[in-house]
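Shared between the two complexes below is subunit A, which pairs with subunit B and subunit C, respectively.
Presenting the complex of A and B:
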């Protein structure tokens, strides 16, 4: 009887040890798979978050640059109406710093928006679609530039930057 | 005889005590396995909750930042529309 009990108890102990190992392996593998998945998702999320933050920073930089440059455009009272030239993904406005030879230029080619004042050109990427136009009021009077941007995530942002000074133009004739 | 009988009785008692202590140890071992499993599951659940909390926090932060940038640009646009410097042509 004693030998039988010992035999069974040993067998039980051996069985429980295998069970322990199996349970431990199962728990470890579950934890490992979960941790692997969590790390993957976290990395992807961190990347996406970083990209979004960078896109926001880039957008604010572009906004500052556009408004700064447009604020330097001083149109004299003799400037003709419809001074903003647009077409073929480009926009230009003379009278930068009040000088008719200096121009504010905006071009959008191959996914890159370039903003230039003739001396320094700044390039912005990350916008698949950009529309450049003149900002007009109800009387079709141009008072600034308008840039419609579409981000990679489909978000649309409109930036309207006014000139430093604008003659009333067609309004004066009314 | 009596001594022998007492000895036998003592021996049986010892055996019972030994067997009961062995089964108790086994139960304790089994209990410790269960406890380990429960602790592991608890830790995994805490980790999962922290992970989900982190994801939702990151998403809400990102959405809030997007909204803030959007509202800032809209505010500047409105300011540009309202405060255009106009002067009359002579």
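Presenting the complex of A and C:
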């Protein structure tokens, strides 16, 4: 009797190929699901990273802008104490570029922080809570502005920007 | 195409699509990171340069405060030796007396009308116009913008300044009224203060340090040291023209003013003059107004620190005290150019 010893005959090969295809499809779909999950995770991670990077860059830009503008405030050495006006989500200080009529203005309304030098106004969003105040030393002498920001992730950042020039202060504030 | 080929092909297509997708995400992320890092790096480099100049400027201000002879400032002080050897490389430092010039905000009309200092005003401009300008526009820290049309172009940076305390004995009475109004935010109070000032002028009274608390009354805490009775010009750094003309003021009746000016100029090149030595040279009675003009202390300094195209200018004020304590040094202005 002639036995069929051709395990690798074309007929067997065809049968094996179907099984192989099923197995291959299973493996491929498993790999696919894994890859899809990995892509999803990567995308979410990339998105979070992008958000964080953008928030940091926005913060740096705000920091640059605030320092630049505060540095342009040249209060004469004879100016009175307490010249920074704050209240109702706003801060203003005169003597921008040494001109008593020009003001640096900061306002926080409806989640938007606006920084203005009277000619150009820049708006910053993404901060649910912002506090504006004068930066003072131990003797309550005002030397700049302080902006405390709270990000959407609850992270708090304090930016203190010095004026280009500060008054001498009275004896009580020295 | 055989089934094997088709199977291999479709597997590669899925893998390729995944790879492209992931590569695109990675490339996007990398670009964003690169941009963010570049911005951070630029910002950090700029800030580092500024901080290094600030540190050097503050070191110089510290040296001013540690002067071993605090009662007199002269080119013999140790700080002048430090200027040539800065703490960091490629940095150059300059130091200048910023207050021993005519303070255009405070100067009295008589200075220009009764001496040759009137020649520093532009042709056709008068001291009256200068006084009126202060009345109309107020005192200004930016003297170049405010007074350039009244003062000769070359004279403005050399002989004039906007930094200096207002000595009650030698400052224009209307400028003092203006200063009071700005400092105290009180126009009515400024008028009362002006009347008190006029009475002192009529009585030809010279206010001394010890009189200030009584004269300024309740406002003393806010007005001192801005208004004081300290000599305005440091004879070690004042321009010879100003020195000579101040000594020649007719009202002061200083004998041989030109000779005294020359003696002071010769002496300051050899040694640090003390107040007593200066009084000996001038020989005027103690109540002479010349001692309100000329002294041996600098009140405002300008420190310039330069590195490449970056330049930091600091104005440092020496804040006098009224209780015998050592004076404080305060950076009142900082300008950075890059």
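Here, the second predicted complex is superposed on the first by the 147 of 174 C-alpha atoms of A that agree within 3 Å, B and C clash if a C-alpha of one lies under 4 Å from a C-alpha of the other, contacts with A are read in each partner's own complex, and residues count from 1 in each chain.
Here is the rule we use: contacts are C-beta pairs under 8 Å (C-beta built on N, C-alpha and C of every residue); 3 or more make two chains touch, one makes a residue touch a chain.
Please read these numbers as outputs of a predicted model, since none were measured by experiment.
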Touched partner set for A:167, first subunit B, second subunit C, both or neither: both
Contacts of A:50 with subunit B and subunit C, given as first, second, both or neither: second
Partner chain in contact with A:81 - subunit B first, subunit C second, else both or neither: second
Which superposed partner A:126 touches (first subunit B, second subunit C, both, neither): neither
First, second, both or neither for A:100, with subunit B first and subunit C second: second
Partner chain(s) touched by A:89 [first = subunit B, second = subunit C, both, neither]: neither
Subunit B versus subunit C as contact partner of A:32, first or second or both or neither: second
First (subunit B), second (subunit C), both or neither touched by A:21: second
Residues of subunit A contacting subunit B in one complex and subunit C in the other: 35, 42, 46, 49, 53, 56, 60, 77, 162, 164-168, 171-172
Residues of subunit B defined as touching subunit A within the complex: 19, 22, 26, 29-30, 33, 37, 40, 44, 47-48, 51, 54-55, 58, 61-62, 65-66, 69-70, 72-73, 76-77, 80-81, 83-90
Touching residues (chain side subunit C, partner subunit A) in the complex: 3, 7, 11, 14, 18, 21-22, 25, 28-29, 32-33, 35-36, 39-40, 43, 138-142, 163, 179, 182-185, 220-226, 315, 317, 319, 322, 328, 330, 332-336
List of subunit A residues in touch with subunit C within their complex: 17, 21, 24, 28, 32, 35, 39, 42-43, 46, 49-50, 53-54, 56-57, 60, 64, 71, 74, 76-81, 98-100, 162, 164-168, 170-172, 174
Residue ranges of subunit A in contact with subunit B within the complex: 5, 9, 12-13, 16, 20, 23, 27, 30-31, 34-35, 38, 41-42, 45-46, 49, 52-53, 56, 59-60, 63, 67, 77, 135, 137, 143-144, 155, 157-169, 171-172
